[in-house]
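Below you will find the structure I want to go over with you.
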Amino acid sequence: MNKVENNRAWFLVLPVLLLVAFSAVIPLMTVVNYSIQDILDPHTRFFVGDEWFREMLRDSQLQSALGRQLIFSFSVLAIQIPLGIAIALCMPTRGIWVAISLVLVALPLLVPWNVVGTIWQLFARGDIGLLGVTLNSIGIEYNYTRGSTAAWFTVLAMDVWHWTSLVVLLCYSGLRAIPDAYYQAARIDGASRIAVFRYIQLPRLAGVLTIAVLLRFMDSFMIYAEPFVLTGGGPGSSTTFLSQHLATMAIAQFDVSRAAAFSLIYFLIILAISWVFYTIITRATKD
Amino acid sequence: MDWMVWTLPSALFFTTIALILVGMTVWEVVQPSTFRRGLLPLKTTRGDRLFIALLSSAWFHLGWLGLTDQPVWYMTIFCVIWLAAVLRWG
Amino acid sequence: MAKITLDNLAHSYFPEPKGEEDYALKQLDHVWNDGEAYALLGASGCGKSTLLNIISGLLVPSRGRILFNDKDVTEQDTVARNIAQVFQFPVVYDTMTVGANLAFPLRNRRMEPAYVARRVQKIASMIGMEDMLERKARGLTADAKQKISLGRGMVREDVNAILFDEPLTVIDPHMKWELRTQLKALHNEFGHTMIYVTHDQTEALTFADKVVVMHDGKVVQLGTPEELFDTPEHTFVGYFIGSPGMNLIDADVSGDKAICAGHEVTLGGRYKPMSGRVQIGIRPEFVSITSQDQGLPVTVKRVEDVGRHQILRAEFEGRQINAILPEGLPIPAAPIRMKFAPERISVYVNDWRVAPDEVTATPSKEVVL
Amino acid sequence: MSLVLEGVSKLVEGEHHIYPTDLTLERGTMNVLLGPTLSGKTTLMRIMAGLDVPATGRVLWEGRDVTGMKVQDRKVAMVYQQFINYPSMTVYDNIASPLKLMGVSKSEIDKRVKDAAALMQLTPMLDRRPLELSGGQQQRCALARALVKNAGLVLLDEPLANLDYKLREELRAEIPRIFEESGAIFVYATTEPEEALLLGGNVGTMWEGRITQFGPTPKVYREPCDATTARVFSDPPMNFTRIEKTGDKISFGEGQSAPAQGALAGLADGVYTAGFRPDHLHLSAQGADGLHFQCHLNVTEITGSETFAHLSHGPDHWVGLLHGVQDLTLDAPIEVWLDVAHVYVFDEQGKLVAPAAFAMAA
Amino acid sequence: MERTKKIGLIVYILFLMIPIYWLINLSLQPNRDIMGSFSLYPQNLTFDNYRRIFTEAGWARGYLNSLIYVLMNTVISITVALPAAYAFSRYKFIGDKHLFFWLLTNRMAPPAVFLLPFFQLYQTVGIFDMHIAVALAHCLFSIPLAVWILEGFMSGVPKEIDETAYIDGYSFPRFFVFIFIPLIRSGIGVAVFFCFMFSWVELLLARTLTSVDARPISVVMTRSISATGVDWGMLAAAGVLTLIPGALVIYFVRNNLARGFALGRV
């Protein structure tokens, strides 16, 4: 659709802008202020400049947390995006099963995040959980509170359980937008199932996938409540992701300045990666 | 406002950003920009180039702080030049 | 290439059709001869697209069989039937280049790369897109996209039939000429069986060797463009073909005379006495005006100068009668009379044409306006 | 009452969609904008309606400058190619909506809606919603809504393009009738020359953002001011060939020549382009001065009453529109005749330098 | 093909449902059964866990608090997102593309550190421990998504309808409310679903910005659990109780959701 140039459209965006700016820009500025000072108490503070940044960038604990985080987030994307697309392709397109499948598929999305942790805790424990008991009884050593690999996989499985449905819903909607004529033409052209996916369905999913990838990336990069409840970051620090590290720093140790400096680094990482995703996917669908 | 623990450098920083945004907007109103292909490997508008320049400047600063012990000002001066260069040729 | 036989075909979109009116496609028996170009002509909703989709295998008919070269393919899917189809709105694979789009049906069938390249070149030159082969199909205009769709439909040489579903809807009038002529030339060259669905009579008549006129789920007439024009078997055909359509006037017919509201019209043949609603039909092309004391007295409503001829819209006894008159012919403003060429008058009883017992006047081949 | 465009132009991203254009439309006229897709018809109508603001120039309505005026405040009506109705309202409410907004009384609304519905043969469908109607009915609903408010300017942007051929024919005959009753300025955009001819009135032929000619329809058809106009206003397309004038002779190649008479006599010696319409090609000699050409017949298309012959003549592709059904041998030589009186002559810039003699006589 | 699809979908749904089934199963067993005998279904069916939760104070209040701020958030988000989405779908304006990306970046702020300024900001403007505080904070997450979803649906409505309405004499607000909004009803349904979802499941901000009066259900629950030590049965029952509102919401909007998704404009 060719849009009309009209800068008065800004007035329509203004409410959103003010509302979001109020809750986003002011806290962001404050965090920047924190990050360049040493705050002993609300009335005693010193300007320290780039000191915290230098310190945080060289902190090995944070570096390893960042490494874990990146591996986790990319695993999440690598599993959930293809799986979500696949399930979306399996969804029924007409009849009462549409509504039923949608309700069932959407259910995990509406579980409060800490309850997700609880559910998986109860499900995966070696003594009372269905998963834990089953795995142990067929001879697989599984205890997510002790084995770090087991813990890591449990967190990953939990995230897949919780969030794949978001990708499914978005892709399902994207798929429904494809006119029947495309499928008919493909049948007549003798296109294989894979060719139909590659040349008809995937290009039409680009828009929803942009959003799905961005949302999943950002949210998984900031995962906090679920692993906190499930593993508490352990065993050791195998499932301590960035958010948790920050929370410990900011809340438990009340080291707000260092935490602020680190938050900003963290923010820049998400911003850069998100921008790259956004640009790649939106540009790929143009020209 | 006290709880926001303002400092002069950060205040200057945000003022600069705000001024740049206002400036860009005025520029855009006076002379609308179009997509073009410069040294950057993608077609950009002026606003895209500003964003790319700012984000990369932030990263340059982080790299500088993480890898050297030199004062941060060197990098800042470089980034001002970088910003202008990206806007001009990017 | 194949002969296509429709045997006792009918289709309803309802799972359990109750009566005749539930059928989108009523009883149909028909043979499409190998290598001929057909047009399926009718108003929207007459069932023509349904029929097309049944032939292409996108739809399984509720009743009856389809035979390709006497082999039953009713249950076969589209791929097995080996046909090509072009849709009303352009279907292109956006992410592929124009060349890859054209090559797609061939590559899917694992043809030799050298052959594919050759064939794509040929088709591209036919649709005038040789210099765009490397370009992405995304962002092309609608008519460029539709040309690609047409090209994709014609790229395979071994198809049983090529089906076109109103393919020129989105194309500009000038381009329509070009593409239609190319299709026609292509048909002459390769002799594919082609079925062309349209609601546009000009497209149907110019493209096809034989035109199938459909109305309300039924075929009302099958014939060459000439037959449809000269001797419409049904008043619908008379109305639908020709622009403006055939004039129909209620009349009493006896022998070789028809009486229309007290005025006598000479017919081109002798007819048996008939009952039911009797009408005479005459195409506007065969109506002339006269100041003499014969023919039907009419009042002129409007004269439209259409360039190469004029359309005179007149009224006779509350009914509109149109005449097509030569360019530049002066039309008197005074009350005039209309004269019909006797050999061109058809007689209809309850909408179906009745042949005369004995022909008294034969039409001349060349009609000079 | 009149609509005047003064030097109106439209730029989109640095490209001219409309070059500076002057146009005056008088009250009670039917004006057809004829041109291929993307030639600027819609853009021009949007400027007239006030939906787009021109880059330069002024729009005057009844002598008053309305260039920047909001659409809501203008007395215009518009019908699009797509069937645009308010899907959530019934047909009755759709037709009534502009009147309600104008503050017309309930009884008056009822009367006018029912009149418009009767005119458009929508009376039985007044309680239905637009999406339950067929395409033709939907478009009639849109037309009724546009007509009911008695706007001074009615803009119809290819209103019949998405309809079935026969339905189009019926509504096309209807529109001039409605127009005659309304007394408003009608502007009607179309890509089809035949439609322009049937509607009559004035025609403005458009090509790549310019109005190439504006005037009474038959006049523009018979005396196109340049080759572009002739090409736009011709279906089947006009045939062109290269000719040369030397002294008092016009040479058509192949040893065919004609004496340079009438308007042709005044031309300077040189190379020109001759244009003639397909229906002026014949299979038999036309008059004593008739030209005849040795052509190659590629394809024929037979409509039952006419035959289109696609011919090659040297480098030129011609179309001949022959009356009746002609049984011709394809892919074979053929001889065709042309009366010089039917030939238009254009110069190298495409300007008409000598109109066809028959058109001047008419 | 169809068969494989069905099996795929069923396997996936089973994967989603089994943990939930297990939660329900545990919630209906007494603690000693949970710890003592492993069983696929409750052998001594009991509603004790639920009864104990309902006898504690603050439960109903917690539910109500959560629902209030979720509804506030949904209403605010949709109200401001509608005009913004209209602007994005109909007009080109300076910075339009950057603006949308900026909206998305607001989801990127790591909560742990931003909690403190949030807390201080809302305390400064005096809305701490009020429902509106949580609602406003959640707008950061729900607005970008609402704008994006609504923009998709609006782009599916031809702009000629807008123009026809303006030509007919409709003012923008009148057109927007009486003609445009009914046209994108299903889209609003889908957007409401997502706004509800992100607000209902979020915990950190909700917990930080409230103390007593507006305390959400999940906080009430965690507190009462930790007070009684690790009581698996009660934990499970509490989990089930927080699932219910979400399940109800999707059940009620299921047809809207199906219709909205079927339009494929998301």
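To keep things simple, chains are lettered A, B, C, D and E as they appear, and every chain counts its residues starting from 1.
One rule holds in what follows: a residue touches a chain if its C-beta (ideal position, glycine included) is under 8 Å from a C-beta of that chain, and two chains touch if they have at least 3 such contacts.
Here the structure is a predicted model, which is why all the values come from computation and not from measurement.
Between chain D and chain E, the least number of touching-chain steps is 1. For this structure, the chains sharing the highest number of C-beta contacts are A-E. Using the mean of the Cα atoms as each chain's centre, the chain most removed from chain B is C. Centroids built from CA atoms put chain D at 54 Å from chain B.
Taking the mean of the C-alpha atoms as each chain's centre, chain A and chain B sit 28 Å apart. With touch defined as above, chain C holds no residue shared between interfaces to two or more other chains. Residues of chain B found to touch two or more other chains are 3-4, 29, 51.
Along chain E, residues 94, 117, 120-121, 158 each make contact with two or more other chains. Those residues of chain D that touch chain C in the shared complex are 36-38, 134-135, 164-167, 169, 173, 176, 191-194, 197-198, 200, 217-218, 221, 231, 235-237, 277, 279, 298-299, 301-305, 308, 310, 319, 321, 323-325, 330-331, 358, 362.
Those residues of chain D whose C-beta lies close enough to touch chain E in the complex are 49, 51, 70-72, 74, 76-78, 80, 82, 84, 86-88, 97-98, 101-102, 142, 145, 149.
Contact residues of chain C toward chain A in the complex are 56, 58, 77-79, 83-85, 87-89, 91, 93-96, 104-105, 108-109, 136, 138-139, 149, 152. Residue ranges of chain E in contact with chain B, taken from their complex: 94-95, 97-98, 117, 120-121, 124. Residues of chain E touching chain A in their complex: 1, 5-6, 8-9, 12-13, 15-20, 22-23, 26, 34-35, 38, 40, 76, 79-81, 83-84, 86-94, 96, 99, 101, 103-118, 120-121, 136-137, 139-140, 143, 145, 147-148, 152, 155, 158-159, 190, 193, 196-197, 200-204, 217-218, 222, 232, 235-236, 238-239, 242-243, 245-247, 249-251, 254-255, 257-258, 260-266.
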